[in-house]
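Presented sequentially are two complexes of chain A, the first with chain B as partner and the second with chain C.
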Partner chain A sequence: MSEEKADSRTTAHGSRLTAHGSALSSVLAVAAKDATAELRRRTALVAVLFFAVTALALVSFAIGPFGLPADDRPPVQAALLWIILFFAAATGLPRAFAHEEETGTALALRKTLPAARVLAGKALFNFGLFLAIAAVTVPGFGVLLEASFGSPAGLAATVLAGGYGLAVVSTFLSALSARAGQRHVLFVLIAFPLLSPLLLTAISATVEALRGGFPGTALRVLIAYDGAATCAAYLLAAVAWEE
Partner chain B sequence: MPSATTLTAENLSKSFSGPPLFRGLSMSVRGGLVAVAGRNGSGKTTLLRILAGLARPTSGRVVLERAGRALPDPERRLAVGWSSPDLELYGELSGEENLRFFRRAAGRPEPLEESRRRLREVGLAEEAIGRRVEELSTGMRQRLRLAFATLFDPDVLLLDEPANGLDVEGRAVLATIVERARRRGAVVIASNDERDLAGADERVELDVSRKP
Partner chain C sequence: MAAVVAAAFLWPEPAKGFLGESSRIVFFHVPCAWTSSLAFVVAAAYSLAYLIRRNPWHDEVAHSAVRIGLLFGVLTLITGSLFASIMWGTWWNWDPRESSYLLLVFLYAAYLFLRAAIDDPERRARIAAAYALFGAVIMPFLVFVAPRVTASLHPQTVINPQGKILMDTPTRVVFFDALAAFSGLFLWMLSLDARAARAERRAKG
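Moving on, here comes the complex of A and B:
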């Protein structure tokens, strides 16, 4: 009898592991599919990189490295950096689900996969896209504005944590607004209150990193935000995307 | 021979704006071929979407049971195959890449040769296999939809206007798919073309259930 119980526990444990493995392979497959399609289409990639480079060039011409007193530089530079990152991301990230609806592929995806797995895969792709934007923008920002990255590790951690939250929330909002008539307006209206705490905290952490300190407290807030955003997106994915 | 899987719709109603498309519709699909007929706008496509789990009924419910046990969500999605003219696959990918993506995404990857066999079964020739979906003709896309519908060898196959855009050879492919799926489980076909509904074991007329 006890052996039977042990067997059933082992089987249940095994099936849970299989389910987790299957969920992970779903997420990776969706992200890889989006990456392949994007590399062939290049719509989002070109748009976000073009925006990032243009914004960076305009900011560097308008302010330049010596346009500000030394003490004022970190807050202004941090705000400008996140404005560029946010708007560059906002050019590409919201397309995650809208493109599926526009091309009619959403039905095939909905038929095959639970919404949470699709959302996780698309969030992973969007995070990769954000990192590609950041890989161009942050070093370019450092060179063109002669920003001193006092704590490179702090800055990298801030960009990673801020970018993750931005990707998850943008992807979720993309799912929520994908079938709306005025989806771009809806996205911006909902994104503003949801992303403001993330952006303000990311700017505050970046200021500290530019001044040479490690932004421990702000990073903890960012990580807590990321955790809460991930849980909310997971729980609400089906409500947001499935009929 | 009846299938071990049963798809049951209980007291379904669906309304958008205006009068309901259908009301109090119940049906049980255990095996064989079920034809869904009705004039344009009678709700055939909507009914199949509800049965496929892609749309919610306004009231009523759909249950898929295998050996008396209701299937949980991920399993349910794969146990029911579905094709419709509204279904599109990824234009940037080839037909083969599309099939392999959906198999991987569902956690059931299969060898390349198996995906190619599926494409050959719907009559997509070698040269079409490597081409992007956006480059395929209407008929070829319809064949690809059929390959998608049967991708997980479903117990219940739901086909909405399955012969759309198919040539004579394509219709023969469709007949083979329907016959095979019918032997394995159940097939539900919704169509305006009586040729597609010939030989059905049961028939659901949607106009009859519609009340203004």
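Moving on, here comes the complex of A and C:
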């Protein structure tokens, strides 16, 4: 058996992970492995989308499009949108590392790839999952609550920047809490304060976008937060997912 | 500390633009906020030291710093709420500064929840250190950035766009003495609490 074969693992999902591959190919392989597993089971995807649609229907039923004066709608709609996105994400994103521990594949993954690449791959998968949530929730929000997307580009940029930060921080915290007791409750407890600057800024940016302006300042803050969180998660990945 | 408390009530005149004696809260509220932030920075520094050296003493100091930082953080919220009730007529009005400080307290309360959820002492120390360092990276967004994205009623006597400390001389002297006194009190409490934790670890063997 060659050295490359000895150091590589072919997972149960058919994706090939190798310690000798480039960083990008390793990251993509981890994301592809998680995507393949998810497409087979569809647990997280169905749970997350079901939560998002249920929450959307409840909010729509509770306040409806005309339950608020026109001027008051953007702040309330922006806050509700991000609350739905956050809790929908909290339903599915924390599974990133916990699933590896539950199925006993964590050790193989630890031995095969550096923690930072595993974290990046799982964050990429989680970002894709978030985009799937947003692809259902945001248009649904527009239709059911008759939210006027004054600046679609501003809203899209806010969802992308906010979703990226949400995915990175959630993935890192998933690694931290993967082997802790009561990890589902714990995840929300530790995620909410760390994500609150992102959520507050994303809500502020969404209000501006709904009112028709491009949220330049808030987007810069979101991008700075994303950058800081990415660097911290990269540097601490090995510690978070150490055996 | 006693001299600072006495001077805070006796020396500087109440500041203009504030109701009654309410401006004197600056000698207690801001030092509490400073001390809690200092405690969280100390926690981050000792967490980093733990990850490098894996010495349990560093974890004990970090843990103690977070606990004491939380105490001063809660005192910051209480003194701020007192000021709000006098100046704004309400104990809590979701001002961006109030809200962001509350979230900062939640962030470090979550550190204690995280520790409580992990049984193995070595893993608990490692995960808590990683969380404290990650929290230290996010903390500036809560303390400095998020409160400034939206308008705030909070007075800006120390950190403001002009880059000047907007205080007369007696107020400035007492204010900086209060910062030093509260910092000293924190270091004393930290030393006591961390040494108690170390004694408990050694007693358990």
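What we mean here is this: the second predicted complex is superposed on the first by the 222 of 243 C-alpha atoms of A that agree within 3 Å, B and C clash if a C-alpha of one lies under 4 Å from a C-alpha of the other, contacts with A are read in each partner's own complex, and residues count from 1 in each chain.
The rule is simple: a residue touches a chain if its C-beta (ideal position, glycine included) is under 8 Å from a C-beta of that chain, and two chains touch if they have at least 3 such contacts.
Only a predicted model underlies this, so the values are computations on that prediction, with no experimental measurement involved.
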Who contacts more of chain A, chain B or chain C? C
If we overlay the two complexes on their shared chain A, which of chain B and chain C does A:A156 touch? Say first, second, both or neither. neither
Could you say whether A:L107 touches chain B, chain C, both of them, or neither, answering first, second, both or neither? first
Output check: A:Q182 vs chain B and chain C. Expected answer is one of first, second, both, neither. What do you get? second
Tell me which partner A:A240 touches in the superposition: chain B (first), chain C (second), both or neither. second
Based on the superposed arrangement, let me know which partner A:R40 touches: chain B (first), chain C (second), both, or neither? first
Residues of chain B that touch chain A when the two form their complex: 52-56, 73-74, 77-78, 82, 84, 86-93, 97, 101-102, 104-107, 109, 148
In the complex of these two chains, what residues of chain A are touching chain B? 19, 21-23, 25-26, 29-30, 33, 36-37, 40-41, 103-105, 107-108, 110-114, 117, 121, 243
Would you pull the chain A residues touching chain C in the complex into a rising list? 172, 176-177, 179-183, 186, 189-190, 192-194, 196-198, 200-201, 204, 217-218, 221, 224-225, 228-229, 231-233, 236, 239-240, 242
Going by the contact rule at the top, pick out the chain C residues touching chain A in the complex. 51, 99-100, 103-104, 106-107, 109-110, 113-114, 117-119, 123, 126-127, 129-131, 133-135, 137-138, 141-142, 145-146, 149-150
